[in-house]
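Structure first, then comments.
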Amino acid sequence: MPSCCGENIKVSIFGQSHSEAIGVVVDGLPAGKRIDLDELAAFLGRRAPGKNEYSTARKEADMPEILSGLIDGHTCGAPLAAIIRNTNQRSGDYDKLKNTPRPGHADFTAQVKYHGAQDARGGGHFSGRLTAPLCIAGGICIQLLAGAGIEVGAHIASIANVPDEPFDPVKVDKALMDKVKSAAFPTVSETAGAAMREAIAAARAEGDSVGGVIECAVVGLPVGVGDAMFGGLEGRMAQILFGVPAVKGLEFGAGFAAANMRGSENNDPFVYENGEIRTAGNNHGGILGGISSGMPVIFRAAIKPTPSIGREQDSVDINTGTAVKLDIGGRHDPCIVPRAVPCIEAAAAIAVYDAYIDYIKEN
Amino acid sequence: MPSCCGENIKVSIFGQSHSEAIGVVVDGLPAGKRIDLDELAAFLGRRAPGKNEYSTARKEADMPEILSGLIDGHTCGAPLAAIIRNTNQRSGDYDKLKNTPRPGHADFTAQVKYHGAQDARGGGHFSGRLTAPLCIAGGICIQLLAGAGIEVGAHIASIANVPDEPFDPVKVDKALMDKVKSAAFPTVSETAGAAMREAIAAARAEGDSVGGVIECAVVGLPVGVGDAMFGGLEGRMAQILFGVPAVKGLEFGAGFAAANMRGSENNDPFVYENGEIRTAGNNHGGILGGISSGMPVIFRAAIKPTPSIGREQDSVDINTGTAVKLDIGGRHDPCIVPRAVPCIEAAAAIAVYDAYIDYIKEN
Amino acid sequence: MPSCCGENIKVSIFGQSHSEAIGVVVDGLPAGKRIDLDELAAFLGRRAPGKNEYSTARKEADMPEILSGLIDGHTCGAPLAAIIRNTNQRSGDYDKLKNTPRPGHADFTAQVKYHGAQDARGGGHFSGRLTAPLCIAGGICIQLLAGAGIEVGAHIASIANVPDEPFDPVKVDKALMDKVKSAAFPTVSETAGAAMREAIAAARAEGDSVGGVIECAVVGLPVGVGDAMFGGLEGRMAQILFGVPAVKGLEFGAGFAAANMRGSENNDPFVYENGEIRTAGNNHGGILGGISSGMPVIFRAAIKPTPSIGREQDSVDINTGTAVKLDIGGRHDPCIVPRAVPCIEAAAAIAVYDAYIDYIKEN
Amino acid sequence: MPSCCGENIKVSIFGQSHSEAIGVVVDGLPAGKRIDLDELAAFLGRRAPGKNEYSTARKEADMPEILSGLIDGHTCGAPLAAIIRNTNQRSGDYDKLKNTPRPGHADFTAQVKYHGAQDARGGGHFSGRLTAPLCIAGGICIQLLAGAGIEVGAHIASIANVPDEPFDPVKVDKALMDKVKSAAFPTVSETAGAAMREAIAAARAEGDSVGGVIECAVVGLPVGVGDAMFGGLEGRMAQILFGVPAVKGLEFGAGFAAANMRGSENNDPFVYENGEIRTAGNNHGGILGGISSGMPVIFRAAIKPTPSIGREQDSVDINTGTAVKLDIGGRHDPCIVPRAVPCIEAAAAIAVYDAYIDYIKEN
């Protein structure tokens, strides 16, 4: 179903960029779990726009209103529903786009798919704004995972070819992970972060945008989460992660680099350390046969550059086929990668928590 | 559900490497569609082992027996079930692996997950052999897609760092695609193919293995297949593609390369050609907002090197933690990439056909 | 998933009797369909409480606010979300129930299931109030079905043993169906309706309640809607209909009476009339092998008497096991059957429309 | 999906009456559980035809071949697949039915739905024979439930208006349940059973058939199995139970009789007995708010009379509309109710076990 995900929990996301509200329903949460709404607000704050120079100047009031599912701050067994009102609806900016699809956006495909009935304002249901309810659901899953000793954290692995230092895949430093998550610009290396910000500023100055790669780790998963074949962790995570707009690639562990290794190099030998079986390396990204190995789950997501740019672009009038020089106008993120970091964490957390529920019932 | 996939059709795969049989049930197929069993056999033949020097010497009788769902070669509305008997069951080869997990395999994670009850013979349900029933289901979907003018074809994009020529993403040459699919070693460039075979032979000589990348195209999809968010083509395809063993990465269109582009470079301008709206480039890989754009869907899957290698490897005894020098023995594929090509096509075809059914009901 | 239903459309219901709001998300609706909000309001008005003497005196503002999914009154392809604020929250009435479960209610089972964390106010998520969002989803499906010439209508078949005249199962009179649906007390026979109202008044006078049976017809379905086995119309309808609180039985066509017939009596002979194949009788209730036969789909749902009654009842203190004489207090419907009529229509419409989408893609 | 059911386990049934084989795949079973194949065979024997005078004279070899999922008699985490070969394929009997649908059968609806491509031999996928794989899946679930102290047992509540003694809904006698299950003709009262057999013989003598009602109990369920709304036990059970051919009605607890009760009569008071909270009566059938109350789950299923009868019936030629006098021929069960008893147990067990898995993960 388009905007639903999960097998054990069911996350249903709704709303358009300019509808009355956007929101999410999460069905199937365990009862009696405390949800820290301040922590959730802080998590949502990490994806909120308008907080600094490298982000869009639009201001959103993204604090959700919880409509149901919580009693005294605890889940009560009923579906949790939350909405965020849409207040900043400058539709005028988007009027010209109705018949002139923006390159790199869903305007054209949605127009054809929905026979012209789609909500073209601000990208409608395809707007990056819909990652806010995703982050509500994901933020809740992150808290539930944390209660089981499982932590999810991501950083910017690169922007515009500027690389950050990677997490240590064999032993992700939790303190580092926490520090990165609380940073305004989530990189491991501050130097790399500064260089990335320069690259973003340069793109902005030219009315252009840049993309990047996000690396995410899930630490503390016991051995045995995930399933064979289509129930494998990679596939379950991928299905939700590709639901984050602009994700165009995904790799686990060594990923595409593994394709160029020898088996003797890529295979991670098993070792016995401190009373548990581990692997010496982590090219497998914490997943063997779709099932968590107890090593950190490590993956990277490729984020394409923001398709909304200040430059004139070539498009066509959908009805006539006439070539059109398109100037989108408005104010746009020259780089959504920093704001996408919590979205990637959220999507991963939903998938991992969903799989973790299977694990609980098996143990 | 671990070994089921699909929303409109439901593919359920069963069997272990050494169980009585492996097989598949496909529920939800349209009635009255002709399935060409010779064509299906030819498709399965492309993944069959033992056919030449770069493949395992084991011989499998992989022709499926159709148990139900077909009348006079046509689907009848009832679930289609097919099995392949397991005949080549040299369990002796695998006895030593019971308590000594092979690096890079699911032995360890399955052992823990299933509390020691799993079928350790030949990798059990995690064996690459299970791609045979996947190819039965996928081969059927490929025929059904072909009936709608949609073609799925893949080639080896690289093995051991040796690159093939890519498909032209803007206009995939169907004749080329057909030629590659019928080749014993599916590359666009024969020179590249020869170099890859040398690399494989070199790895084999050293008791080692190599991985590679497979590029796949889906040509002829109308605009409008796929859905928003989690129903997007990328996510639906990814969930099934990661069900193919050894896939560790996936990218659509420009993929990870897009992360290093500027928006002005990555955005594909719309153009009007021969009465239809197309894009000048295809960095978006034929998918915008999760929905097909009418351009070829292009993706690449990273295949890790075969984990079964002839060399001694480090492992541990699961029960005692004692370090073990593991020599797997047996005969193994030094490179599964060529055989994985039809598996990738099959997985993609299942996902695309499943999404295409949604398209039918909307139009 | 507890509060989700549907395969082609996904209906996700949320809220508790006393949460901020209740609501529903409907994902997967076709785009470009006009939804008449006045008609929807009128439909919801049929289940609203407080409108006359046989109903609860509580007043609810049950007009939904549409949050997303509609543009200019038409579906836009994005999920449709609607909420109803809870304003009449006299929690005081229910305080005593926390540890003393009401007989016939979900208080006890929910308390145990959710480990005491459930929302006990007003029945929480188990409240009959949750049929309001069900009716929103169902009311929309009713309109979409009507657009395809398919009508759903129900009447009170009996209350407290007082029978109404049944619909003619072979040819349901659409004018009659419309008349019944627009009546304040939906019976075919006004005499029967008057007798039922007397029975309700008698129960009310004694602090008691009565139940009844609702008969529902779906008229205009083409041959071929529904599927074999678990995809059969009966099963798909049943799963959703049993989601309406107080439904304890369901029968299609002759139903339980068929169990006492001979085959020669129960089998409906095929006849050819006005250019189409029909059956002479309709003991099969318009469904053969799970698939619609083109005859009216007819079913009856047994509604138990309202469990909330004015009389003192025996319960126990959950924590101590001490016997408690329970007086619920508050004002309660002595008979929910009239208000349940549109709920049954709504549940049936969701199931039938969901199955009808499969039919579209097959034809 | 037509022939799949279950949320935590996925049961996928395939085959037609006259295809090569029929069978089932059960995915998601816990690993390491012993399956007693002799017990399973005995269970399947209860539904097997041809064992005595009131059943069809056809002989089926219904012992399943397990293809995968079991190692040394224990589940191994991989999907369990089993098939039964079709050997008794006297297609000649059915040839005349191709264009002349049998009243009460799915012939007509399947013919239209599948555009003439369906397998008309012996009812194809709609044949009662498909309850054999259902019983394989259900028989396994029965064993798994038994391992958790939960027993499922049914008896013939009535045939041709001859009633059996009901189970005591407040305290189902397990010894009685076991005795009934092991009887050749499963009734509580032997006198009633004898009268039923006479009624069957009378119908047979007249070339006719009779139907009946089956009462089933699930004993030993803890409080808390099942969920709110559409996840309620009634709905989950109903969806699978209506997948058993010939089921046309279903009621839980007092069911339709509750519709004629007063609330004060129907509500089951809570009492405290032997350290646990129970109800004094069991009109609620062990389910409150969709969730098990700890009391026996009691339901009744209405089974229509076998539609295949020896008498001439009225039908039409599908292609021409010409009236046809249809004589089915062949040998048919004058009453399928006795053989349906284990099928009802099987369907109930699948639903209950599926819901029970949710319970495990919550506790």
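Order of writing sets the chain letters: A, B, C and D. Residues in each chain are counted from 1.
The rule we apply is simple: contacts are C-beta pairs under 8 Å (C-beta built on N, C-alpha and C of every residue); 3 or more make two chains touch, one makes a residue touch a chain.
Owing to the predicted nature of the structure, the values given are computational and were not obtained by experimental measurement.
Seen from the Cα centre of subunit B, the chain whose own Cα centre is farthest off is C. Between B-C and B-D, more C-beta contact pairs are found at B-D. Computed centre separation for the pair subunit B/subunit C is 46 angstrom, with centres defined by C-alpha atoms. Here the spacing of subunit A and subunit B, counted between their Cα centres, is 26 Å. Annotation: 39 Å between the Cα-based centres of subunit B and subunit D. Residue positions 1-4, 7, 13, 31, 77-78, 110, 113, 125, 228, 362 of subunit D are each in touch with at least two other chains.
Contacts between chains leave no pair untouched here, as each chain touches all the others.
For subunit A in complex with subunit D, the touching residues are 7-8, 30-31, 77-78, 228, 357-358, 360-362.
Of all residues in subunit D, those touching subunit C in their complex are 1-5, 7, 13, 101, 103-106, 108-110, 112-113, 125-126, 130, 158, 160-161, 203, 208-213, 223-224, 226-232, 234-236, 238-243, 245, 247-256, 258-272, 275, 277, 279-280, 283-285, 288-293, 302-309, 311, 313-316, 318, 321-323, 362. Of all the residues in subunit A, the ones that touch subunit C in their complex are 1-4, 10, 12-16, 19-23, 25, 27-28, 31-32, 65-69, 71, 74-81, 83, 110, 113-119, 124-125.
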